[in-house]
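When the chains are written out, they are named A, B, C and D in that same order, and each has its own residue count from 1.
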Amino acid sequence: MIAVLKAGVSETQKNNLVNWLKSQGVGVHMSEGEFQTVIGLIGDTSRIDPDLLNGLDIIENVTRISEPFKCANRRFHPQDTVIEVGQGENKVLIGGGNFAVMAGPCSVESEEQIVGIAKAVKASGANMLRGGAFKPRTSPYDFQGLGADGLELLKVARKETGLPIVTEIMSERHLDLFEDVDIIQVGARNMQNFELLKTLGRSRKPILLKRGLSSTIKEWLMSAEYIMSGGNENIILCERGIRSYDTYTRNVLDLSAIPVVKELSHLPIIVDPSHATGKSRLVKSMSMAATAAGADGLIIEVHNDPAHALCDGAQSLTPAQFDEVAAKVRAIREIL
Amino acid sequence: MIAVLKAGVSETQKNNLVNWLKSQGVGVHMSEGEFQTVIGLIGDTSRIDPDLLNGLDIIENVTRISEPFKCANRRFHPQDTVIEVGQGENKVLIGGGNFAVMAGPCSVESEEQIVGIAKAVKASGANMLRGGAFKPRTSPYDFQGLGADGLELLKVARKETGLPIVTEIMSERHLDLFEDVDIIQVGARNMQNFELLKTLGRSRKPILLKRGLSSTIKEWLMSAEYIMSGGNENIILCERGIRSYDTYTRNVLDLSAIPVVKELSHLPIIVDPSHATGKSRLVKSMSMAATAAGADGLIIEVHNDPAHALCDGAQSLTPAQFDEVAAKVRAIREIL
Amino acid sequence: MIAVLKAGVSETQKNNLVNWLKSQGVGVHMSEGEFQTVIGLIGDTSRIDPDLLNGLDIIENVTRISEPFKCANRRFHPQDTVIEVGQGENKVLIGGGNFAVMAGPCSVESEEQIVGIAKAVKASGANMLRGGAFKPRTSPYDFQGLGADGLELLKVARKETGLPIVTEIMSERHLDLFEDVDIIQVGARNMQNFELLKTLGRSRKPILLKRGLSSTIKEWLMSAEYIMSGGNENIILCERGIRSYDTYTRNVLDLSAIPVVKELSHLPIIVDPSHATGKSRLVKSMSMAATAAGADGLIIEVHNDPAHALCDGAQSLTPAQFDEVAAKVRAIREIL
Amino acid sequence: MIAVLKAGVSETQKNNLVNWLKSQGVGVHMSEGEFQTVIGLIGDTSRIDPDLLNGLDIIENVTRISEPFKCANRRFHPQDTVIEVGQGENKVLIGGGNFAVMAGPCSVESEEQIVGIAKAVKASGANMLRGGAFKPRTSPYDFQGLGADGLELLKVARKETGLPIVTEIMSERHLDLFEDVDIIQVGARNMQNFELLKTLGRSRKPILLKRGLSSTIKEWLMSAEYIMSGGNENIILCERGIRSYDTYTRNVLDLSAIPVVKELSHLPIIVDPSHATGKSRLVKSMSMAATAAGADGLIIEVHNDPAHALCDGAQSLTPAQFDEVAAKVRAIREIL
């Protein structure tokens, strides 16, 4: 960490600052220039809060040099992490050059629905099934999902198709219910629910960690670090769009996050084009773009409930549309 | 809710849509214009997801008319909500023309610290004590607070000064620990931790609900609605700055949220100028501005730990600085 | 346009509003519901400012139905616009399935530099040369470009290679200097310099209109409309990243803007991955992603000045790196 | 400027970088730590583009230390700038503890209108008249203002009331028309129209420089610097809200910009609550808040055209409402 002092700071103030920094266990390297003094902090600076330092009247600015994430940092783990789920012919590898295609409905609604979609997306090349049982909804009056019953229906669909399943957790209290799920998803709104992250750190299940609505890439990696520092290193990151001022799409899909995450971290990163845009007619082009940008997989909403056929244009694709997307994605994968 | 159809939608498509809408229990009013058809949805539209409708290929756009929040809505509760905490001479009213001044340290560190600050801020006119026991930190390696011990120290300070206490909860599992706290704070990062909100809805404790990092005012009111729909109507909203592209201050304090919340809701709203700006030298002017804008109170960070005297410039004020802020705020209150 | 009245609006207020709307020349269709009144405005609503209407005390909200852009609107011009520049074997078509690769340095610095780069990028498959002569710089103390001399050097490079040239205009007063330029670029900071747009509307030169730093897609199309309504329909849109709260990349490249623009408009859209990310190491993956998302072309910074070889990592690629990007982009184009 | 090298940079790469930096005329101070090398750049670093440096593969990050603005910097000009306009009893001072109240309609429409409003706002305590003659409109089909005729009507109103006038310029070509205007306004969309700024730098007229839609405070000060470095030091800054993701208000009024600008610069700063919020019912509270935050003045939209009486709720106040706002603002000024 580097702190630059303001012009006109007195010797006493400097000494107070240096003494306090040393009392926190960090080494201090002073560099006095013509106009300013620069203080380099050496050693374990994780105990120094840069925001606190930055707020001091005598400080011009503070720059963190070493990233505060360690377990998630590619510098210390140059090899790509590869997550493995499922078994036998249904084994799926995520990361390290492998590509995962997760597909399924927004919400699990019935056995017929989830099994039907599972079969359809498997036929089109999906290797994992997604589906919401516990649903985060902005309004308390909206459908909150089937809960534990939905988890059971997902397992039925897994039994029928062999596809490993991924579904969202919304409370630490529910962890037991997720024992037999293949990947546990943490939604954007819980990305900084730190108690949930700590709890998941004590699990050994693979975690799909979605990026927060307005989180920076580094905050996102710090949330992965929360889980990893608890001992669970099986993290898959998921870019799902960030909030912007333009309301035409639900969010702005930040595809540059893919190469940036790969530069900073060894963790795999997949993309959710359905939630990012909120419009199914944009899913195809964004799936192709995400693949071309180097994503390790996609998670796509697909429905096949005839009663909802009306809703073709919403963020869910029909199986036929998904089939077309999957084919294009495979073609792009071959170029990479 | 009003949905506008795209040009060129067929009769069959229109009929499908109308039938589906009716099957969801809403009334439908069609208005065919020269260039477009407008569908008005009448009755209980809470079962219709506007995002889903908006995503349909045949829909140009969707506008929600009635606000989806009911308990929090001023339309149905024209009178200001007044929250009451504490007893006897230490009773504090928040809302309805009353003004609360909550002050205290970022983290509870020791009995000496918290009691000392409590006495100091009381002397300067604070009527509530704030202090963090469970701390949400971006990094797992940062100090996470004293936890349950911190709560006990806050109670000691309350006993010494009479000041009611407000402190942050981070997990549903901790609710029992907060039984004897006067106001339970929900932090910005948990504003959409819906399971926590539901749990707090079953409590009857006053809740201080901070605005999420990038939440709209309506999303914030929907989070209040989660708690209120569970039966707990004692909500105080707290504006604490929203995320922006300018990094000079930590967040952008959105003071227009004060009159907007008062227009939309009957709930009281207070302001946290310390976290919003991240710089103590901005706290005075922002406290005065928030008061002039009509806030129902302030929550301000104050420290008096001599070991940290160095950090005067950070987001915490010294008691002497707080005293000056409190006096200016009182002067502005007299004008209103 | 649809306006929803607030509950409790009096008959007099309604009549005043309707009379005023009619006096503005629009037809009015009232629809009285149980809880609210909806007013549909019919005919030429372009004279009604929705912001003004939305601000009225008696109005709940206002929704614009027909897009306010006409010349740029795909609804009225279903066919893709194809822009043609250059001649003979150097003719370049942009839009309608054709793909343009514009490459060159940030700033024109010398004849040797610009001719050398032009030859190198042509060899790698670029079909247009870009280079800044007038440079928009945040600081008045930064290098402002070679100006008119830079334009002459671009023409020399065009003569040597045949590549049509694109370069930025910063003032209406300079239009004469751009007479012999193939495409005139309007930078992000001038996207709403309406007097410049009007001036360019009187020209017949193709215009490369960059998206503003924080402009919505619709505002961007309205800026295209400014030029087109003046009679110049030769507009190429250029996505170059939008401002966000994450500072790791310079901007967030919004690739979903590509399918959205193609849905709303018939104008071609290209992508600038260099300025969007500010890091050359991200240019390759973002060029591939933009191509996969359906862009009509790319504009990429390339340098070959040995004195700057050091700066390989900045937003400019070396010719060798550009060669690799161009090959990957061609491979993706073949799939589409 | 401080540059931190990545781990593992070779000696050759370091030497290349240092040699290049020296060739640009800056001094270099190397500080080799255990894990990283820090390079301090000394002297005139204005020739070094931090973005370029930051993009280098061998660079971890770059921090600018000295602010790139000089003329606008409080460090070099500790005294508040005071701008003087008007004469005799109508003289107005802005900055240095003086407070300006500018009021008037969005657009100048007729002599009767502008003279009527001018008289009304003067009676309520305004000391300057605002009114748009050249109007920046998102759509080319919207009313573009009366242009030169509007400027003449403003002068008539000034003659009738004595109030100095402020109005917006949209093109360098129009400068001659503004010779007899008291303050020339640069709108948010032209804040980085650098050619316009340079032209205004050659004038000696006071300039009201609005903050750009998404500009940082430092970019805004750099735009002031463009004008000042040309020799015109009469700049008044105007905060008018910044773009955010919440559409309830038109923009988010950033009142912390007031103390921040006063810390960084000696220039006066006023606030436009009308454009910031887009709703007249929020103007009163935001005017009071801006005053309490230490603004040097306000610029408020007021109309008195009976034909538009209907539009009371839009961003313009009636004279009666303005009168009430002005009285509250005076009361708050007395406390400061």
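Here is the rule we go by: a residue touches a chain if its C-beta (ideal position, glycine included) is under 8 Å from a C-beta of that chain, and two chains touch if they have at least 3 such contacts.
Source: prediction; values computed, not measured.
Asker: Hey, what chains does chain A share as contacts with chain D?
Answerer: B, C
Asker: Can you spot which of B-C, A-C or A-B is a repeat of the A-D interface, where more than half the contact pairs line up?
Answerer: B-C
Asker: Check C-D against B-D and say which one is joined by more contacting C-beta pairs.
Answerer: C-D
Asker: Centre to centre, using CA atoms, which chain is the farthest one from chain B?
Answerer: Using the mean of the C-alpha atoms as each chain's centre, the farthest one from chain B is C.
Asker: Rounded to the nearest whole Å, what is the centre-to-centre distance of chain C and chain D, using the mean of the C-alpha atoms as each centre?
Answerer: 26
Asker: Measuring centre to centre with CA averages, how many angstrom lie between chain B and chain C?
Answerer: Chain centroid spacing, chain B to chain C, equals 39 Å.
Asker: So what's the Cα centroid distance for chain B and chain D, whole Å?
Answerer: Centre-to-centre distance between chain B and chain D: 31 Å.
Asker: By residue number and range, which residues of chain C touch two or more other chains?
Answerer: Expected reply: 214, 243-245, 247, 281.
Asker: Could you tell me which shape the graph of touching chains takes: line, ring, star, complete or other?
Answerer: complete
Asker: For the complex, which residues does chain B have touching chain A?
Answerer: Residues in contact with chain A: 16-17, 20, 46-47, 49, 51-59, 68-69, 136-143, 170-173, 189-190, 192-196, 198, 212-214, 219, 222, 225-226, 229-230, 243, 250, 278-281, 310-315.
Asker: Which bits of chain D are touching chain B when the two form their complex?
Answerer: Interface residues on the chain D side: 214, 216-218, 242, 244-249, 252-256, 258-260, 263, 276-277, 281-282, 285-286, 288-294, 328, 331-332, 335.
Asker: Write out the stretch or stretches of chain B touching chain C in their complex.
Answerer: 2, 4, 7, 29, 31, 33-36, 38, 40, 42, 60-61, 63, 65-66, 75, 243-245, 247
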